[in-house]
Amino acid sequence: MGAAARFLLRRQGVNKGGRGWHWTDVVTWIWLVGGLIIMFGPAVWLAFSSFKTPAALAEFPPSILPYVTSQATVEGYDKPLQLYDAKMPDGSTRVLAEVRRIGLVSQMVDPQAPGEIVRVNMNDRTPVRTLSFATSNYTEPFVHFDFLRYLWNSVFVTVVATLITLVVNSMAAFALSKYEFRGRSAAMLIILATLMVPLSVIMVPLYSIISSLGLFNSLWGVILPTVATPTGVFILRQYMLTIPDELIDAARMDKASEWQIYWRIVLPLTAPALAVLAIFSVVWRWNDFLWPLIVLSRRELYTLQVGLSIYSGELNVQWHFILAMTVVTMIPVVLVFIFLQRFITTGIAGTGLK
Amino acid sequence: MSTASSPSRLGALLMTPVHFVMRLIDAPVRGLQKATGIGGMAAFFLAPNMLIFGIFVLLPLVINFVYSMTGGTAFFLSERQFVGADQYARLFTCGSYLDPMSCQEDAFWTAVGNTFWFVILQVALMIVTALITALILNRDLAARSFWRAVFFFPVLLSPVVVGLIWKWILQRQGLLNFILYEFGGTEPYTWLTDRNWTFAATIGVSIWAHMGFYALILLAGLQAIPKDLYEAAEMDGTRPARVFWRITLPLLAPNLLVVVVLALIRAVQIFDEVYVLTGGGPGTSTLYLTQYIYETGFASALRNPGLAAAASILMGVVLVVLTLFQLGIGRKQENKGKR
Amino acid sequence: MGEIKLTDVKKSFGAVDVLKDIDLHIRDGEFVVFVGPSGCGKSTLLRTIAGLEKVTGGEIEIDGKRVNDVTAADRGLAMVFQSYALYPHMSVRQNLAFGLENSNMPKQEIAERITEAARMLEIEPYLERRPGQLSGGQRQRVAIGRAIVRRPTAFLLDEPLSNLDAELRVSTRAEIAALHARIGSTMIYVTHDQVEAMTLAHRIVVMRAGRIEQVGTPLDLYNTPANRFVAGFIGAPHMNFLKGEVVEAETGTVTLVIGGGHRLLVPISHHKLSVGDKLTVGIRPQHITLANDPGSLAVKVRLVEALGSETVIHADLNGEKLLAVVSGQKQIAPGDEAHFSIAGAPLHLFDDNGLRVKGA
C-alpha cells in the first residue's frame, strides 16, 4: 500500500533531492482529481440517471443510484400499496403498506396480516426504497418508438461511409505518393483547399446538389459528401511516402499490375494508417449531426443523433427515454475510447487532425 | 503455433471476399493499364476521390456564389431569379452600424456578435485550460496515459450527446443546482433559460467537450522539447518560473499558435452542441452564425437560401483567412525544420 | 540467352541529362559490373535496362529484340535491389512465389522452383518467416532467391552488398561469383566499390557523369587505364599523379622533368609529343620503393601508417603529394627525409585532356 501510494503520488524532482510537497504538486493533484470528476462525472451521472423511472428522475434532491419506492399487492386491496418503514410506539420498526392518509395520520396494514389497520403518525414512516434498474427505458424506445430503426441507420451510414472512405482515400493517396505525373501538385492543392471549406459554408448549395441527384431523404445523401476527406488522404499519403519505392519497382519486376501493387503491396503495408483512419471515420460518421439533420426529413431515415435531438426538442420531453438512448448513442464511442484510445491519441499527436 | 496464428487465420478468412472482389477488379484495370500505360493509372487511382470532391465540395463552392446572387425560396438554380448583390445589401442594411437591432437582418448581426464574443472567450479560456492541462500531464506522473485519457474522453463524444448530457445536468432540477444547494445553499439557477447564463453555459460546455483535443496537441509539443535544455537550465540554477517563460513558452509558441488558429476555425463554426443544448435561445442569446445560416436556408418558414448563401460566403471568407494564416505558420515551421 | 545491346541510350530528368549516348554490348552469360562514383548514372542505366525508367533516346535490345516499349514485367529480367525490397508482409515463401503467381504459373511448378532455389541458397529453414525476422545476410539471399526462381534472361543487381557489414560482404561476394559460375546467366551488377568490381567482373564498365569512361577486363583497366579518371578510380589507394614537362622528345623515348628537377626517361614507341608539352605522370603507390641512391626522388615524410604487413607513407615531393605503399615494417617517422625509387615502375602518361598517351 505504501509503495503503491508513493508510486501514485510521485512528485516532480523527488528523485533529485526535493523534499516535501511543492505547491505545484498540490495544484497538479487538485487539477487531476478535479479533471477526473468534471470530465467523467457528467457522463457517469447520465448513465446512472438513465436507469431511473420517470418518478425517480423528478425527485429533488436526486439520488445517485436508481432507487424506487417499493410497493406490494395486499389481499383485499385492488391497487398495489406503497411500502413504508414505520416506527412503532415501542421503538421497533415494521414494514407496513399504506392504505390511505388522513391528515397527519396514516392508516397502514401489515402485508402479511392485512386484517388489522395500524395508525401511524406521518412523520414516523419513511418509504422503503430498493435499488431497481428501469431497463424499460432502454427496451421501450426500441420496441415502441423508431430507435431500433435509427440505430440501424446510424450503423449503416457509419460502416458504409467508412468503407468507402478507406477505399477512395487510399486510392488517391496511392496516386499522390507513388506516381510522378503532371498536375500532382495541383491535385494536392485542391485537396488542401477543401480543408478550408467546412460544411457550414456550403450547406445550402450542397443541399441543392443532393436534391437534384435525388439523394434527399436518402442515407446515401448523408454518406457520399463525407467520404472524400482531405484528412484521410493526408494521413494515408504521409504514411505511404514511407513505403520504399523500391518495393513498388520490385513488384513491377515481379509482373504485378498497378492494381495488384495497390492492393497486395501498398494497402497491407498501410494497415496501421488505415486503422487510424477507420477509427476516426467511425467516430466522425457516428457523431455527424448537422448534415443528416438537413438531408433527412423522414422519421424512418433519422440517424441516432438526429432522432435524439428531435425527441429531446419536443415539448414534453420524456427524459427517461432520452437518457437511455443517449447512453446507447454513447456506447460505440466509449468502446472505441476504451480499446483504441492509444491509436487515436497518437494519431492526433502525429497529424494534428481531428 | 496454432494459437499464435489463429487471429491471422481469422483475418485471412475475413479478407477472402475482399480478395475476390479485388481480383475481379484487376482484370478490367489491367486492360486499362495496357491501354494507358503506367502514367494513366495515376489518373485512375485519383479519379474517384476527385469526382467526389468535385461534385460535393468544389461544385457547391462555385454554386454558392451564384446562389448568393439569386432570390426566392426555390432550391433549384433554374427556378431562382437573379438579384445581383441584393442579398449582400440586405445583410448590410442598417440604421446605425453600432446597433445590430437597427439592421434589416438583425438576426444576422446578433449571430455575428454572439459568435464573435463566443469565439474570443471560448478560445482564450480553452487554450489556457488546455495549456495548464498539458503542462500538468507533462510532469513525471504515474499512469500518465490514464490521466491523458481522462481529459481526452469528452472529445470523442458526439455533440448531440454532449448537448444532452449538459442539458440534463444544467436543468432546473439538475445535478449542478443540487450540488450548489448542498454545498452553498443557493437557490436553483435557471441555467438554460436565463439569458445571463445560457451564453456562459455554451462556452463552458464547448470547452468541456474540446479542451482535451488541444491539450493533447500541446502535450505532444511539450514532449518534443529536448530534455537537455531543461537539464542545462537546471545546471544554470534557473528558477522554475523563469524556465517556463524563457524555455517552455518560446519553444511551444509555434505549436500554441497553430492550436489557437485551429480552435478559432472550429469555434467560428460552433453549432451542434449548442443547437441541442439551448436551440439558440432563449430568444437569440445563443444564436450563432452556423445556426443562422441553417435556419435561414432550411428551417424557417420564410426560408431564403440566397441570403443564407451570402451569409455563408462571408463566414467562408473569415475561415479562409484563418486557414491561410495557419498554413502560413505551418510552412514557416517546415522551413525552419529544413534549415 | 541473355544478350543485351544498348545503342546511343539517353535519359534525362527534365533538363538534367543523366545518361548521355551510352553504347554497350553485353554478351550472353557475361558478368558485367557498372562502377563509378555516386551520381554517375550507373543505377539509372540499370533501371533503364530493367524497364523501370523509360529512355529518352536510343535503343535497348534484349536478344536482338527492341524492348524500348516493353514494360519491366515483360522484359524477362530479374532485379536484386539495394534495400532488397522484400515484401515485409509476406513470408519468404510468399515473396519468392509472388512473381511466379503473377505470371499464372501452376502451383506445382512454383513449389518446385522455390524448393530448388531455397536449397541452392540455403534458406530452407526460413521459408515461413517474414523478412523482418531475418538477418541482413539472410534477407540478401532471399532477394537473390526471388530473382533466381524467375529464371530470368539476365540478373540485374543494384549495389546488393552495400547494406551488409564488411565481413559478410566479402563472403557474399564470393557466393555471388560462385552462383554466376553455376547458373551461367548474364549478370549486370552495379556498385561504387571498385574492389567488388575487380573481383567479380568479366568486364567492368566505368562511368562518370552519365558517360562510359572505359569498358574492359579488370586487369585491362588496372594496367592500361584509358584516362586519368579511370586510373584514379581503379586501384586502392589511388594512383599518384605528378605534373611533368617534356624536355626532350626523340623517336622511341621522351625525357620528362617531374618533381621540380627529377629527370625521367620514358620509352615510348611512336608519339606526337614535343618539347614543352605538359603531361601528367601516374604512378601506383604499390610500385614505389624506398631507396638510398641519390638518383631517386627526395621527399619529406608527412604521415606514416604502419599496417604491419605493409607501410603507407604520405610524402611531399616539392609541393606535390606522393603516396607509397611499401611492404614490411619500416623505421621511418613524419618529418624524415626519404628517397622514393620509381625505377621499374609502370608509368602512365596522360595529356592535357586527361587521356592516356598511347604507346607509353
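Each chain carries a letter (A, B and C) given by its place in the written order, and its residues are counted from 1.
Just so it is clear, a residue touches a chain if its C-beta (ideal position, glycine included) is under 8 Å from a C-beta of that chain, and two chains touch if they have at least 3 such contacts.
Note that the coordinates shown come from a computational prediction; the quantities given were computed from them, not determined experimentally.
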{"item": "Intersection of the contact lists for chain A and chain C", "value": "none"}
{"item": "Identity of the most central chain, Cα criterion", "value": "B"}
{"item": "Chain whose Cα centroid lies at the greatest distance from that of chain C", "value": "A"}
{"item": "Distance between chain centroids, defined by C-alpha means - chain A, chain C (Å)", "value": "65"}
{"item": "Computed distance of Cα centres, chain C from chain B, in Å", "value": "59"}
{"item": "Distance between chain centroids, defined by C-alpha means - chain A, chain B (Å)", "value": "18"}
{"item": "Multi-partner residues of chain C (each touching 2 or more other chains)", "value": "71"}
{"item": "In chain B, residues with contacts to at least two other chains", "value": "38"}
{"item": "Where chain A touches two or more other chains, by residue", "value": "257, 260"}
{"item": "Chain B-facing residues of chain A, complex", "value": "7-12, 24, 27-28, 31-32, 35-36, 38-40, 42-43, 45-46, 49, 58, 60-62, 167-169, 171-172, 174-176, 179, 181, 184, 187, 190-192, 194-198, 200-209, 211-212, 224-225, 227-228, 233, 257-260, 262-263, 283, 286-287, 289-290, 294, 305, 308-309, 312-313, 319, 322-323, 326, 329-330, 333-334, 336-337, 341-342, 344-345, 348-350, 352, 354"}
{"item": "Chain A-touching residues of chain B, taken from the complex the two chains share", "value": "22, 25-26, 29-30, 33, 38-39, 41-46, 48-50, 52-53, 55-61, 63-64, 67, 75-77, 132-133, 136, 139-143, 145, 147-161, 163-169, 173, 175, 178, 181-182, 208, 212-213, 216-217, 219-220, 240, 258, 262, 269, 271-272, 275-276, 279, 289-290, 293-294, 297-298, 305, 308-309, 312-313, 315-316, 319-320, 323-324, 327"}
{"item": "In the complex with chain A, residue positions of chain C that touch it", "value": "47, 50-52, 71-74, 77-79, 81-83, 85-89, 98-99, 102-103, 146, 150"}
{"item": "Interface residues, chain A side, partner chain C - complex", "value": "244, 246-247, 249-257, 260, 264-265, 268-269"}
